[in-house]
Structures are given as structure tokens and as C-alpha cells.
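In what follows, subunit A forms one complex with subunit B and a second complex with subunit C.
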Partner chain A sequence: MYKVSSKAAKKRLTNHLTAYAFCAPWMIGFVCFTLFPTIFLFAVSLTNRKLNGISKYIGLANYINMFQSSTFWNSLWVTLFFTIVMMIVTTIWAVVMALLLNYRQKLNGLFQFCYFLPSVIPTVALAYTFRTIFGKEAGLLNGIISAMTGKNAMVNWLYDSRTVYVALFFITLFTYNTGQMMLIFRSGLNDVPRELYEACNIDGASPFQKFFKITLPMISPIVLFNAIMGCISALNGSFALLYPLTGENGDPNGMSQVLSLLIYKEAFSNMKVGYACAMSVVLFLIACCFGIGIFAISKKIVYYEN
Partner chain B sequence: MRRKKLWGRIFLTAAIVGVLAGCSSKGGETTGSSAEKTKKEEGQKVTIAVWNEPNKDEALNMYAQAEKATGIKVEVTVIPESDYSSKLNQMVSTGDDSADIYVIWENDIANFAKAGGIIPMDDYLKNSSIQTGDFIDAVSSLSSGLGGTYGLPWCAATELLFYNKDMFDSAGIPYPGNDWSYEDYKSAAEKLTKKKADGTTEQYGSALPNTQTWWAGIGGAGDKVYDPSKGEMVIGDGAVSFVSDVATMAKNGIMPEPSSDTADIFASGKAAMSWQGSWNIGTYGSSLPFQWDIATIPTDKVKYNTLHTGFYSINAKSKNQDAAFRVIEYLMGEEGQNINSKASGNPSAIKSIAEKGAWKVESASSVKNWEAMTDSLKAGVFGYTCLPSGVTNNAVSEFNAAVLGQKTPEEAVKKADAYARETIGY
Partner chain C sequence: MKSAKTKKRAGRILIFILKILVGIIMFSPIIWVSTGSFKTLTEFTTSSDLLPQKGTLENFKYIFYHSNYLLYIRNTVLLMAGTTLGTLLSSSLVAYPLARMEFPGKNLIFSLIVGTMMIPNIALIVPQYIMFGKIGWLDSLLPMIVPAFFAYPYNVFLFRQFFRSIPRELDEAATMDGCSRIGIFFRILIPLSKSTFTTIGVLSCVFWWNELTQPVFYINSDKWRTLTIALMTTFMYTSGNAFVINWPSIMAASTLMILPPMLLYLFGSRFLVEGIKTSGLKG
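Let's turn to the complex of A and B:
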């Protein structure tokens, strides 16, 4: 009896150790590249560390200075605005594109390839391309408008406060994140049972009714996933898009200076690493709040079949 | 027994001498003949970090020439200009020894010295041929207060008015002189502007100031720009006045407004004048499809010009410090300085070398007013370049917002000043 239980315990231990061994690579990666940097980030935010390494503990001074800075508050509002609008715009666009591509028609693969192609271009290259397109005097878009209207179009797309957001959100439609969302939505749409649409057809439902009563509820878990990913992408990944387009100051007049740009500016142009870390902590908390908020809302609006 | 003692003493003396010799040779610079040191350094490799590509013409490549002259292999690490300062700061922070020589910017030298990232070169300079007493005054004053000589200026660049002679000829306007006033400049810019029938501008009188030359305008309008005693940015009425002028000129189509266009409108023949760095003389050379020349930046209330340089300095973590200094010694010598001047169009910061005029770039055959360079250098001070780039770039963004009519010049200057105050002295 004793022998049997000892053998079982040994087997259980071996099983546990095997499981831990399989988990170990991820755990080591998580500790080294996520947990430690996050803790280090919090620690550095309490110092006046400069980029050249000089550092002294200053308590909460970085946070106090940050909350007194009008530049920070402007950046915070821009970040919230940019994140929410970008998330909505890119999600809606990805759903629309997925719906269009979901119609059974000839050359569907070609359309999908053409739409997805800009998404695989590195974001920085994409941004520089659009910077050229949206130029004022030598921009391609103004050239096309001039040719079409016969008038000399001189719209300052990226520097005029009335057009900068239109231009920026338009560019976000071509990023990798939006392309990826479209593919995920497309696969989700394929999983919606055809019988439901057939039943709708029998009942005489309109395409809009079919979309809002069948399609959207059925793909709502995917909408939730994409919304979260889009949100995190807008918060953390917008830097690569905005830096080449509007610079570290978020021109014009700080209208596009999201927190990631300001963090870069403080750390690498002003060499204020401690201060930049304090801002990163705020960005981290905002990302957490967005995630929690979306999950909270999702409980009411997301439909899980099972 | 006596003989044993004698041998013992001889061995002991030899051992002590040997140990002392070993210790001193580790320091390198205090003992040993120069020839021995040179021999030791030959064949070593020294890496230098810079932000611009070495000249493709080997005769104008000062690093290739330094290699030939010293026998030390010189490897050049080019770091893009936009990331240059931050990369070097990170290298200092992590104790990186991949670069033996840094060419560091004005706003970094004090911080690097304070962080122990670079070494004082005073011991080396004692036995060196580098003419440190002959540096232009601005360089000497910038280096003072660091407690040693941590860097040696690789050149002295300045800012100039570049103008299109063909456009001046066609408008019948006399060429700018070094005594041009700011009013002369504004008046000429207006006359040189050509508009299309729909009111849009076909030819601008002047290009918009760039991130560097905004400060020449502000300094010329009477602001101090940079206070070296406090390390602060000092802008006020002068900045408001200059920003207002630029805004008016942009509104009237004399200057283009800030935009995402990246083309150089002077080089593309769309603007008659442009305020730019002297290094563009070498860049333009004979490549422009029109005749052009240079003049001193027009004088407003004050004759003001921003000096630019970089400092050769030795990485404190370098394992090849002696060899690194030998390379610097060549680069700071007459031959090295002349090659640099010929390649870049920037004069040497050593007055006696600069006077010989190697900076008169041969390929820039249309330039006649070389006096503009020496005149500009006389008025040159280290200004905005001593401030963190985040602060000055932020100010330029504010000025651009005012030019675009998104805020008043007063608001822009006030906001730029407030940001500088919360940033500097961190």
C-alpha cells in the first residue's frame, strides 16, 4: 500500500515538474522581459534618472511635476481621444471590409490581397509614404485634387487643425492592426451558421436587420477581442505611425502628441528618463483601465453562444 | 656570502625597476619614448562614432587619411543624426566600449563629463602639437568650467543666407551683402515673390526658417536665446517679434507655411533666399541648376549667429585611449582640419588654420562672397545648440503653430518658455 502511494506521489511530482519544465521558457521570458522591466519602470519613475545614467531618488516629484504640466494634460486628452476614435474607426472599417470580402464573388482573393498588402508594409514606411501623399505643395493628393477640379489645391493636410485628424485616421485604416482585424473578422463571419440567415430570408429581414440581429451578435466576442487589441495598439503602437508623420511634438500645436510620443521626447530628446518612466506608468494604467472597461461593457453586449 | 648579498641586491633592484616600469607603461602617457608608443599603437583599431557618412572621395575622407598617417585602423560608426545624441547617452549609461572616440554635441559635453563617460585630455595635451590656445573664443568659453579639457572642436560651422543669383538678376535687385539689414532682407523677399493668377505663390521670396535658423532670427531680434551661466533658454520680445514677422510673411505668401513637404525649396528653385547652415555649401557644391552665393544672416537689432560644432572626446571605457588620442591629434592637426574643411565647407575652430581658407569649397564655384563666412563666425555664439533638443524642437513647433495662425506669437513664445522652464535643470 505504502509502495503504491509513494509511486503515485512520485509520478505526480514528475508530472508537475514536467509541466513546470514546459512552462519554464515562457516563465523565464515573462520574468526577464515583462515583469522585471515593469518593476524597474516603477522604480525608475521615482528617480531623476537621465539617459546617461545619472540617477537620484526623488520620491514622487516626477508625478507631481507631471500632473502640473499642461503639456502632459494635453497629451493625455489627445491619447484618450486618439485611442477611442482610432479603435472605433479601425474596428468599423475592418468589419465593413470583412463583410464585403465575405460576399461570394469572383476575384475575392485578389481583393483581399490588395486590401491586406498595405498592412504588411512596415508602419514607418507607410507613414513616410502618406507624409508625401499629404504634402501641401508637392503632395500627391493635392495634385490629384488639382487635376480633377482644375483649381490649385493647397490643403495643408497634416498641419491644418481642421484636416489633421481626418488625414491621420484615414492612414490608420491601412495599418497592420486594421488588416489583421479584417482577417479575424472574416474568419469569424465564416463561422456564423448559414441557417440563421436562411431563417431571416424566410422572415423577410432586410440586410441591415440581418447584420444587426444576426451577424453582429454572433461575432461580438471577436469584436471585443479586436476592440481590446485595437485599443492597446492605439495606445502603444501609434508611436511608429505618428512620429514620422507629425514628429515628437505632435504637430500641429500638439494636436497629435499622444503619450507615447511625449514619453519618447522626454526620454530621448530631453534625456529625462525618470520623468518618462513616470509617464509610462500612467500609460500602463490607462491601458489597464481600457482593458477592464471594455471587459466590463462586454458582459452586457457580447453574446457567447454557449 | 657577500657575493650572494650583492646578487640579491641586484635582483631586488631589477625587480623593483621592472615593477615600476610595468606600472608606468600601463599609464602610457607618462613614460616611454614617443616612437615606442607610436609603434605600440600602430595596427590597433580605433572606432569613432559620428552622425554623417565619411566623404566618398578618399582624399577628402579625414578618417581614411588619419589611418594612413597614424597606422592605426580607424573604423567609423555612423549613427543617424536624429538619434545621435540619445544613442551616445545610452552608450555612456551602459558603459559601452564599442566606440573609442565620440564626436559629441555642445549640449552633451558637460553631462558626459559629469557622468564620467569621457576622460579629460589634459595629460595628453601637455605633450601634444594641438594648438588649444588658438581656438576661437566661443569654443574656449564653452569648455571652461568643466574642470578639464574633455573635448576638442572638430570644426566651427555657422549659419548663412543662401541666395539664388538668377532670381535676384531677373528681379533687378542687388545681391545681399554682409552688411544687409533685416529690413533689406524683408523688402527683397517681398519683391522676389512671384504669384500665380489664383493668388498662390509660384516663387517664394524666402524659405521658412528651419529648426536651426529660427534661433538666428530670434537672437538677431534681441533675445539672448541661451544663458550659459544658468544653462537656460532666454526668449521673449525678440522671439515674439521674429515669429510675428515670419507669420506675416507666410500669410502673404512670401514664405511657405509649415507643412509636411520635405523638399528643399531653395535647392529646387522655388525660393530666392534661405537661411541655412554653412555645411550646405559642401552639400550644394556645383549641383544646383542655378547660380547661387552666400551672405551673412541679415542684421536686425543685433548681429547674431549660432555656432555649431562637435567635440572629439575619448570614451572613458575605451581600451585604446592612447591610440584614440593619436587619431584625434591627427584630426585636430592642420592636415586633418583642412581635409574636414574641404569636405564640409566648415572652417576650423583653430584660428590660424581657419585663416588659410581651406573651407572655401572648390566645387561651389558660384560662391564669391567667402567673406560672409568669416564675418558670420565673428558674430557666432553657442546658443540653442547648448539646450536639450526636446526643448528647442518644442519651441519651433510652437512657433510653427503661431505661423499657421493656431495661436498668437505671444502665446507660442510663452508656452515654449514655460516648457523650457519645466524641462531644463531636471
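Let's turn to the complex of A and C:
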């Protein structure tokens, strides 16, 4: 009897060891590329490290400087503003496109191709395309406006403080996030039970009533969840979109200088790596807040499903 | 009764018109960029007409003759192949015990994986930059390819979701036949999940084809430039005192970069569309 159980214990042990062996790549990767850089990040943020590697411990001086810098506060505000508005704009647009595509009609395949393709093309290509579309001279948009109004439109959309946000948020409609959300919402809409709509038809509800009374409540958990996920990818992805669009200074006047651009500028143009790390810590903490938000909401979604 | 029918029909037509409008908005940048690549520099900077007056292939010739475009293509392909191979191998290995084995610490590992999915790369890129600098990996593709061999949390998560859907009885039957865990992984799971591997591979390729942030941080010299950085840096030059941006060449290069994802959608939309859909569903 004893022998058998020890054999079983041995087998269990080998089983566990095999499992850890399978997990080893991730464990090594986690320690080397996530855990260590995270600790290192906090450590470097307490030094005045320069790009050439010279560094000295300076305590919280970076943080004190940072919180006294108007550039930083502007950037923090721009980051939150950009992330949240982008989330709202792209989510609504994705819902609209999903609703349109889910309305069965001819040529839907072609429409999905047109709606979705922009989201898988490189953001750099997208950025340069829009720099020319929104350009002052010979830009497509100014051309269209000129042709429609008969006046010569000369708006520099991306460099004018009045229009820059309109232009930027319009561009976010073409990013990966929007396309991904559209596909997810499409399948979410398909899962809404048909009977609910049929019951509504009998009651003679209008399409708007149907949308606000049935569709929206049914897909809202998915929409909310994906919207917050979108915030995190916006924190990460805004660099690739804004760096080729408005540069590291976030023209005009830092109006589009999100934290990731400022981090890049401080680290590589001003060579203040320690200071850039202090800002990265802030970005890290913002991401944590969004992460906690997701965690809270995903618990709720489980509740919905039960 | 008849008016209700006409009303419904009017609604259908209205929706169709809306669809076309949205389609024009979403597709116009792609048309603008591809027609722009056939314009001359003077035409591009002076006229906002959609169609070029007289199409020219000069821009495409310029790209290939006046820059190391083939080198950039090679670099991008190397980057895509390396990272995709790495992540497929490592992420599927890690996902296997998480999906189909019981062991102490499993929940902790899984929570850490989900947790690290939430950390944006950009927050850790500066310390990583210093770290890779110390090992001497800067200005090469290594800072991007090597981490791929140590499992991306996101892909581990996707593989785990899929592996869980394969019946466990298969494992048990194979164990009866004297198959080891590694044997089960290679002989049963991998053949059964070919389409998952393709899907995650396609997503990874699309990601690295489009990726700008990491190459911008890590790569300095022309030798390892990827197509995305080339687009930002190669087609601008100073002529005399003026700083010239060769817009039509940028448009031509952009068009070339748009083509592969477009072809992928046309011929492999099953993997692309389904993959993107499931990769986002619940995390």
C-alpha cells in the first residue's frame, strides 16, 4: 500500500515538474523582461541618469521637478483627455458600423472590407496619409471644402489649435481598435436573442426604441469591457499614431503631446533618462488604474452571464 | 398596409445609403494614398485632385533606386519571422499546462499573465532600452525577437483558451498508451490546433509588420531599419536650404505597405477576421 502511494506521489511530483518546465519560458521572460525592468524603472526614476549612462541618486527630485513642470501637467491632461475621448469616439463609431453591417443587405462583404481594412494597415502609413489629407496646401479635405463652398479653404487642420482635436479624433476612427471592436460588436449583436425583437415588433416598437430598449442593454457589457481595453491599447498605441503625425513636441503647442511622446522626448532628445523614467512610472500607474477597472467590470460581466 | 411597406423599403434604402457613405469615409484614405503615389512631387504639392493628371511610376522607381528599400523589406521580414516563430513556440508551450494540467501555483501564474497583459509596453520601454544597451543589443532586431521566445502573455492567453476546448479524454487515452506529456503536446495538441497556430501567427505578423514604437526606440542605423521607420525617415532630405519631404514617394511606400494586409484580408480573412475577433472578446 505504502509503495503504491509513494509511487503516486512520485508521479505527481514529476507531473508538477513537467508543468513548471513547460512554464519555464514564460517565467524567465517575466523575470527578465517585465519584473526586472519594472523594478529598474522605479530605481532609475530616483536618479539623474543621462542617456550616456552617467547617473547619481537624487531621491525624489525628478518627481518634484515633474510635478512642478507645466509641460508634464499639460501632457498628463492630454493623455487622459486623448485616451478617454478616443475611447468614446471609436466605441460609438464601432457600434454604428457594426449595426450597419449586421443589417442584412447586398454587398455586405464589400462593406466590411471597406470598413475594416484601414484598421490593419500600418499606423505610420495612416498618419502620413492623413497629414496630406489634412494638409494646408493641396490637402484633400481643403480641396473638398473649396469645391463645395467655392471659397479657397486654407485650414492647416493638424497645426491649428481649433481643429487639431477634431482631426486627431477623426483619425482614431481608422485605428486597429476601432476595427477590432467593430468585429466583436458584430458577433455580440448576433448573440442577441431574436425573440426579443419579435416581441417588440408585436408591440409596434420603433427602431430607435428597439435599439435603446433591447440592443444596447444586451451588448453593453461587451461594449464597456472593450472600451476599457481600448483605453489601455490607446495608452500604448498613441505613440505610433501621434509620433509620425504631430512629432515628439505634440504640435500645436503640445496639444497632442501625450505622455509617451514626452517620455521619448525627455529620454532621447533631452537625454534625461531618469526624468523620463519618473514619467513612465506615472504612465504605469495610469495603466494600473485602467487594469483595476477592467478587473472590476469583468467580475460584473460574469455576474451578468449567470 | 401599403404605406407601412413603403416606409420599410425607404428605411432599407436609407440604411444602404448610410452604408455607402460610411464606406466612402473609411476607404477614402486608402484611395487617396494609392492615387497619390502616382502623382509627381509638384502635382502632389499643388493640386488636391484625387486622380493624378498623368500617372507616373517615378515614385516607385525612386523608392527602389534611391533607398535601401530591399534591405528594409528584408529586415521587416526577419523581424516578423523571428518574433512569430518565437511566440508560437514559446506561448503554446506555456499555455499547455495552464489549460490542461493541475499543479500548485497555476492560478498565481495565470493571474500574473493576465496582469502583465494590462501593462502597456511603452511604460517599460525606457528601462528595457537601458537593459538591452548594457547587453549590447541596441541597434539590432534582438530586443524585439529574443523576448518573443519567452512567451507573450497575450498569446499564451489565446492558446490557453483554445487548448481548453479540446477534450481532455484525448490526453487520458494517450497517457494510457504510454505517451508522455511532451508527446501529448507534440502529437495530439499541435496537429489539432493548426488553425489556432495560423491565426495567432497571422495576428503576430500583422502586428510586427505595422509596429513602429519598438523599432523607433531600439534601431538607429540604416542597416536594421524596418519599413515603418523607413517611411518616417528615408524620404526627407535637405536640398540647399530647403527641407524637402518627398510626399509622393511616401505615398508610394505607404501603398506598398498597405498591400500585404489587404491581400491577407482578401485571401486569408478567415484567420485575420476570426483571429482579431476572438483575440479581443474577453481580454
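In this text, the second predicted complex is superposed on the first by the 295 of 306 C-alpha atoms of A that agree within 3 Å, B and C clash if a C-alpha of one lies under 4 Å from a C-alpha of the other, contacts with A are read in each partner's own complex, and residues count from 1 in each chain.
We take it that contacts are C-beta pairs under 8 Å (C-beta built on N, C-alpha and C of every residue); 3 or more make two chains touch, one makes a residue touch a chain.
It should be emphasised that the depicted structure is a prediction, and the values quoted were computed from it without experimental measurement.
Of the two partner chains placed around the shared chain by superposition, subunit B is the only one that A:M271 touches, whereas subunit C remains out of contact. Legend: residue contacts after superposition of the two complexes on their common chain; A:N249 is shown touching subunit B, with no touch to subunit C. Within the superposed three-chain model, A:C288 lies in touch with subunit C and out of touch with subunit B [touch as defined at top].
In the superposition on chain A, A:F67 makes contact with neither subunit B nor subunit C. With both structures placed on the common chain, the touch criterion links A:H16 to subunit C but leaves subunit B unconnected. Applying the stated contact rule after C-alpha superposition, one finds that A:F212 touches neither subunit B nor subunit C. In the superposition on chain A, A:A138 makes contact with both subunit B and subunit C.
Once chain A of one complex is fitted onto chain A of the other, the partner contacts of A:S161 are limited to subunit B, with no touch recorded for subunit C. When the two complexes are superposed, the chain touching more residues of subunit A, out of subunit B and subunit C, is C. Of the two partner chains, subunit B is the only one that A:K50 touches; subunit C does not reach it.
On subunit A, the surface patch touched by subunit B in one complex and by subunit C in the other comprises residues 53, 132, 137-139, 267.
By the touch criterion given at the top, residues 15-16, 18-20, 22-23, 25-30, 32-34, 36-38, 40-41, 44, 49, 53, 96-97, 100-101, 103, 105, 110-111, 113-118, 120-126, 128-130, 132-133, 137-140, 142-144, 146, 173-174, 176, 179-181, 183-184, 186-187, 207, 222, 225-226, 229, 232-233, 235-236, 239-240, 243-244, 260, 263-264, 267, 273, 276-277, 280-281, 283-284, 287-288, 290-291, 294, 298, 301 of subunit A touch subunit C in their complex. Residues 48, 50-54, 65, 68-71, 131-132, 134-139, 151-152, 154, 156-161, 245, 247-249, 251-254, 265-272, 275 of subunit A touch subunit B in their complex.
Partner subunit A is touched in their complex by these residues of subunit C: 11-12, 15-16, 18-19, 22-23, 25-30, 32-33, 36, 44-50, 90, 93-94, 96-98, 101, 103-104, 106, 109, 112-113, 115-116, 118-131, 133, 147, 149-151, 153, 156, 181-182, 185, 206, 209-213, 216-217, 227-228, 231-232, 247, 250-251, 253-254, 257-258, 261-262, 264-266, 272-273, 276-277, 279-283. Those residues of subunit B whose C-beta lies close enough to touch subunit A in the complex are 83, 86, 89-90, 92-94, 111-112, 114-115, 117, 196, 198, 200, 256-263, 265, 270, 388-391, 393-394, 397-398, 400-401, 404, 406-407, 415, 418-419, 422-423, 426.
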